[in-house]
Amino acid sequence: MPELISVQNLQTQFLSDGKLVRAVDNISFSLQEKETVAIVGESGSGKSVTSLSIMRLVPNPPGKIVGGQVNFHGEDLLALSEAKMRQIRGNKISMIFQEPMTSLNPVHRIGEQIAETIMLHQKLDRAAAWEKTVALLRTIGIPSPEKRALDYPHQLSGGMRQRVMIAMALSCHPDLLIADEPTTALDVTIQAQILDLMRKMREEFGMAIMLITHDLGVVAEMAHRVLVMYAGRIVEEAPVQEIFAEPLHPYTVGLLRSIPRLSGNKDRLYVIDGSVPDLSRLPSGCPFHPRCPDAGPRCRRERPELLTLGERRRAACWLRSGEGVE
Amino acid sequence: MLKYTIKRLLMLIPVLLGVSFFVFMVMHLFNADPAALMLGQHATQAQIEALRQQLGLNDPIFVQFGRFLWQLLHGDLGRSLMTRGSVTEELLARFPATIELALFSLFIATVVGVTAGVVSAVKRYSIFDYVSMVGALLGVSMPIFWLGLILIIVFAVNLHWLPVAGRIAIGMEPTAITNLYLLDSLLTGNWEAFWSALQHLILPGIALAAYSMAIIARMTRSTMLEVIKQDYIRTARAKGLDEKTVINHHALKNALIPVVTVIGLQLGLLLSGAVLTETVFSWPGIGNYTVNAIMASDFPVVQGSVILVAAVFVVVNLLVDLLYAYIDPRIHYQ
Amino acid sequence: GLGFAASQKILVYAKGADPRGLDPAYVDDGESGKIIVNIYDNLVRYKPGGTDIQPCLATSWTQSPDGLVWTFKLRKGVKFHDGTPFNAAAVKFNVDRQLPPNATDDMPYASFTFEPVKKVDVIDNYTVRFTLKHPYAPFLANLAMCMAAPIVSPTAVKKYGADYNQHPVGTGAFKFEKWDKDQQIVLSRNANYWGKKPFADKVIFKTTKENSVRASEMITGAIDMMDGVDPNDVKKLESSGVKVLKKPGMNINYMGFLTHKKPFNDVRVRRAISMAINRAELVKYLYQGYAEVANGPLPSFIPGYDPKLKPLGYNPTEAKKLLAEAGYKDFSFTFITYSNPRPYNPVNGVKLAEAVQAELLKIGVKTNIKVYPWTEYKPVLFKGEEGDAFFYGWIGDNGDADNFLSLLDSSQIETTLNSAKYKNPKVDELLRKGTLVSNEKERVKIYQDLQKILVEEAPWVFISHATDLYAYRPNVKGFNPHPTGVTWLEGTTK
Amino acid sequence: MSVELNTELKTAPVEESSPWRDFWKRFSRNKVAMVGLTILVILILVSLFGQWLAPYDYKASNMPESLQPPSAAHWLGTDELGRDILSRIIYGTHISLKVGIEAVLISLLIGIVFGAAAGYYGGVVDHLLMRLMDIMLAFPPLLLAITFMAALGRGLDNAIIAIGIVSIPEYARIVRGSVMSVKENDYVQAARAIGNNDFQVIFHHVIPNVTAPIIVRATLGFSAAILEAAMLGFLGLGVQPPEAEWGAMLGSGRSAIFSAPHIVTFPGIAITVTVLAFNLLGDGLRDALDPRMKQ
Amino acid sequence: MGDLVVVENLKKHFPVNRTLLGKVLSTVQAVDDVSFTIREGETLGLVGESGCGKTTVGRLVLRLIEPTSGKIQFAGTDLAQVPPRELRRLRHQMQIIFQDPYSSLNPRMTVGQIVAEPLIRHGLARGAECRAKVADILAMVGLDPSYVRRYPHEFSGGQRQRIGIARALATRPRLIICDEPVSALDVSIQSQVLNLLKDLQQEFGLTYLFIAHGLNVVKHVSDRVGVMYLGKMVELADGDELYNHPLHPYTQALLSAIPEPDPTAKRERIILTGDVPSPINPPSGCRFHTRCPKVMDICKRQEPVFQADQSNHWVACHLIHK
């Protein structure tokens, strides 16, 4: 499958409270057309900032993209003019956010908010855009969409709002959909509805999805490939089956073992000691070393690169480098 | 919405009743004897006592309050001790001047305040931001009356750009319809009067607006900054909308919701600030009138004007709440 | 109206406050008087610049030898502004409504002006007869006052009832047109005026409260003339090409002693304090020269004034000696004063008190100041319990010496007028004589004697007579304010 | 015991700190607020040591020297009675700060009690108290203060009481709102769960957590009170002469605005600077106390 | 072991809409007729979707809020009846740990003060003894005792949750209500806290009411699990029994909706349609009937009874109790 987007050496920093935070620290990855890639990692590991950097929506100040390239259809998005970039946003690449409660503008009708995007990118007049909006709402399973289009966000439930967000994101048939924790705020049964809808839409529209989450269950269910982030970096990358079967990075290993499973026994859970490090005060060497059970002197000294291991796998760990940790 | 409106209107009754009671009681703590005031310097004690009896000042206080309420219900606020005129009429004669000044100031304060606030927020940390926020700080720090005097000296006396005082040039009064000169002159197409009225409004308008303008600018700036951080603004940007649409269409309306409340409250402040502005600029409104009445211990007038202003304030805030409900669809009134 | 035509001749007179009303029976303030004199005529009128009497609506009058019956011949063919004729019945109506039983309590000047009147009779259409209860010398002067005495249209009074105060109808040179509250009162020319036809088509009395703001309007040319010029603004006005008129005012600015109680029941103490105050300096600095040092209660132009009267001069040493004599060492007392400016004291009562306080400190007398707003001040004074001395003043009503001097009549202790609670049978006697005697020379003599006693007895410290300050544009001619504080504007041109 | 200590112990920050120290750190970074604070400290010093600082007696009049423009002898000139304006302004500092502090204290104390009661108990208590506050809020503050003054009589103390009473509703509302939101915090539930009674909950757990908005409102309240006192002074309702209050100086000096503009200029500047300082401080406090500024 | 907590027909209705005169127009039926028991030393898990009343149940059990009706027996005492003073004395036997580690600690108090407060309130220790006890407790939850002078905001979420646990443990309670104690924590921290809770239970024989919406977490810690829907308990059984043989259609849907972190697992998913209805006007009959894939006529009319079978598997469904 041809490559749709490729991120190279992306670096995004924040200046927060006088301290420099390397929220995204030199990461590279790519997505194929129609492929779903999940990005997992703990809170604050840089997942959202990565996606915002691709959209060039990093709030500035305090944030700034300081390096790298994002190649999309042969163009570097980071080098485009703001006007050109606007033509891509919401059109070729769209985005859904975590909080369906706050991501819709409370003072505009949901129909207007969807139609706005359509009018903007497809140059349709109001009536036509409205018609399309209603059709879209119907596709995502909103009952009596003609009436619902006139509702304000607060009149909808969380699940419905997230559907509206999806409809909005899909309204221009994007090539890439970035979903930043699209179900975290929802109840389990509603989450199942939304994931189901996303799968259907993926089939219908055939776009690539960059799915950000920290729920490994969602990953297992949705993704083709997985990127694991830790402290602003990608520490592991693998096809979904393989990562669950045989994680390479000790962080991934710990993560997988520390979640209680329905099918699991009731023994003590595996524990990754310590907590996520403060990005403005990263430990030397491998940022994971203070929590890593296998860390050696080298881990404390040197930062491991993301190494390609096997056909479709990468990991950043001295243990896997063949060089050892001593 | 209609039901809510009616409910709110009904809620006005106890508040207004409370307001009247409050003012009435406060006024009765007055040191001065209204009868003695009415009679002037040649009066004897017997005459004063006779008048007290006649005015019902020797009745129990609740009887007096009942009588006062009864008259109030008929729109009668009693008679001025100084002029013997009906307080209702005297107040109504001056009310348009005050309203015109307050509305004009509110207009300046809102337009300038909101614009400055929005631009400051959007261009945060720019020169404009600093200048307007320093201006805003000065605005809330300067005493109105001092600002008024300085404006007169600079713009009227020294530069001769604007008239010193009064509502309109002598003899230019437009045909009375609403007694708001700006409006009346517009309605009658009397441009000369319009221009004159406008010129007369500028200095007192600015002096009065300074404080509110500053508050509104700061409020707008901070809510705007808050709104800009919201997720839905990020959503709007993610749709590919240009910055102007994002600000004007998506941010502004949300930012204005709290600002509207502040603007409503400002009208109250403007009405009370008018007391001093009117004094300084000899503006023939109720503020000036009230101050004179206070100096003269003309308590029916003080009582009447305080009740009038409070009533206006309460009603304006009701309107603001309704407007609030109108622009913010989240407020869902059954 | 759609503004005034450009060809119209308009005079704009700015003053500090709206009148209380325009019915002469119901007002007692100077602001009302200024407008009233231009709308109404009285039976008699003051001559320009003084308090001599000249005919007005009455063309002539006679007085019975016992001084009890006054007969006035009225001017013929005069009409009120509402078209009704002026005649004897109108005069009778005017007086009757201010006599018992018609008079109401809130007619402030009714009893003062018409107290001696027993009845009024219409002799014929143009002859009217007043019968007095006792002879009363100032009677004629009172009829020229701008309070109570101006003749109103009976028809209009009946028509408007309580609202007549806002709808005045007289026979004067100007007709009332409209009153925009606290803004302006517009009068227009009475084309049928019986006297000299007025020059201006309109006269506008504009209300501008703040002295300095009013002066600013004068400077910018927004108004033609103004009163109540603040001494501070005189230089600025003059340097801006505005003419400033300085007229001796018909007033007295004084500090009174509460003579009915210690320490000021002792004349020595009163004299000592009087001598400790350098009044010349007060006039020079506090009033910036816009006042005259008073030698007694009367302003110089009032008949009865004694140019030879010697006041108690500034003499701190003598003052100290007197105090020691009276046994007041480490003396301290309390002043009460008012918080606002008054016509006789254009700075305010507080500043005057503070200045006097500083003066007294020089002879080692410590004082406290208690301040009251004007309206609360009078009742406090009346009670006579607060403080030991007080600041006060008087604005003459009718230009008669009695109007000033009766403030020390012991019979006026009952009213608020004799606030010093001064009681001296000799003074009372002379005052009574003064009102009964109608011979001018004799009266003057009585009053001069009286003033000598007052200076010696020092119930008051006679501080100053404030100069009335007016300003007008240089193109205004014939602006001639009267000592009583009013200005007839029919002769004023521009 | 079988629970192992975690390595996080070792990575956690070690330096001792407290909310106040943090607050001071944030606050002291804010230069503008520091300017405000510095001015205030100076003003407080002036008000405490004014007697020794003032070159002249603030009430000693010297008629022949009246209305002099600023000069070497009188840096800010003299007023109509020849009193030194600088000395009067210095003396007035004391009064203005007194007005600010006392008025704020009055409204603060009553406002906190009302607000805490209404917010914590809700229901009828809330309803009654807040309707009373609504009624007071219906009056524009200055007008209400003037009305009180008309009734209470003039004078500084009455002015302070009037100004204090007038802003009670605002404090009550702020406290009520904060109490209602703090009340929702789990730690308040926790406090009850461990056996605190209402009084202990309110005073140990609720009130200490609503101080931030109260402090901010209080600093702004100082400035509002000073301005209101100045307005009352201007109208002649404030202090009794010969006391020197800035608003009253402005009010009585305005007649000399042409001949001696300095006698209104300087008190005006004094008011503006003081109010400005409080506002700067209030803004700084608001930023420094804003929980969102914490990490 | 006996029952430490017995809850019978517990109801809590919050008034939400009043007229001007204070008459209640509508209520949220947050908890409606719920009965269950918690045995001494066991963990009872409580699951259900947002707003179904879990927290309310937890607070009712501690009587932090007043029940509308029903009985709450704690160690033989009916908590719904005891006077406030006595209730406060009972409180050291029952504690609560909250979901949000940020809002559950008073930001103005140091860790030491927070942990010491319950000891002092109940007169269990003072002075040096108290300080020593606090240090002990902190050590017990894995915090360095030198932290006593620090303020909550200086700690990470996981550490703060431990402080909350320490506070709950201070009086050595018998019962701890855990209201979603790990929902706000990162995955890797979650396991630390879960293990800690487990260890403490073993060591002190604690009884937990463990509230959560993550079904896998609940399963992991609980002996028995109750499922709530819209203010009602719909199913209650032994953990394994419930997860292996869910009887109620809602439980079935809920379990199937959990994304299992295993890409190879293939399960039949039951996707419910629609949203959870409002508890202000809950549906008639069985509250789940609006979304139930197996809805029958009777479900709309008649409320199913909450009943147990032989193996103590409680369920409220017309499908089961014909």
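Think of it as A, B, C, D and E in the order they're written, each chain with its own count starting at 1.
The definition used in the following text is that contacts are C-beta pairs under 8 Å (C-beta built on N, C-alpha and C of every residue); 3 or more make two chains touch, one makes a residue touch a chain.
Everything quoted here is computed from the prediction, not taken from an experiment.
**Q** Show me the overlap between the contact partners of chain B and those of chain E.
**A** Touching chain B and chain E alike, sorted by label: A, D.
**Q** To get from chain A to chain E along touching chains, fewest steps?
**A** 1
**Q** In terms of CA centroid distance, which chain is the most far removed from chain E?
**A** Centre of mass proxy via C-alpha means gives C as farthest from chain E.
**Q** Count the C-beta pairs in contact for A-B and for B-C, then report the pair with the higher count.
**A** B-C
**Q** Between chain B and chain D, what's the gap in Å when you average each chain's C-alpha atoms?
**A** 24
**Q** On a C-alpha centroid basis, what's the spacing between chain A and chain C, in Å?
**A** Those two chain centres are 90 Å apart.
**Q** Nearest whole angstrom, what separates the Cα centre of chain C from the Cα centre of chain D?
**A** Going by mean C-alpha positions, chain C sits 47 Å from chain D.
**Q** Among the residues of chain C, pick out those that touch two or more other chains and give their numbers.
**A** Answer for chain C, listing residues that touch two or more other chains: 210, 212, 340, 373.
**Q** Hunt down the residues of chain D that sit against at least two other chains at once, touch-wise.
**A** Correct list: 6, 8, 236, 254, 257-258, 295.
**Q** Give the residues of chain B touching no fewer than two other chains, as numbers and ranges.
**A** In chain B, the residues touching two or more other chains are 31, 149, 153, 157, 279, 295, 297.
**Q** Chain B touches which residues of chain A in the complex?
**A** 52, 55, 57, 59, 83, 86-91, 94-95, 97, 99, 102-108, 116-117, 120-121, 152, 154, 165, 168
**Q** Name, in rising order, each residue of chain B that touches chain C in their complex.
**A** Result: residues 31-33, 36-45, 47, 50-51, 54, 82-85, 90, 93-94, 97, 149, 152-153, 156-157, 160, 163-167, 169-175, 188, 190, 192-193, 279-282, 284-285, 288-289, 292, 295-297 of chain B touch chain C.
**Q** Flag every residue of chain E that touches chain A in the complex, lowest number first.
**A** Touch residues, chain E against chain A: 49-50, 156-159, 186-192, 194-195, 198-199, 213, 215-217, 219-221, 243, 253-265, 269, 271-273, 275-276.
**Q** Residues of chain D touching chain C in their complex?
**A** Residues 59-64, 66-67, 80-82, 154, 236, 240-242, 252, 254-260 of chain D touch chain C in their complex.
**Q** Okay, in this complex, where on chain C does chain D touch?
**A** Going through chain C, the ones touching chain D are 210-212, 215, 230, 232-233, 235-236, 281-282, 284-286, 339-341, 347-348, 350-351, 353-355, 357-358, 369-371, 373.
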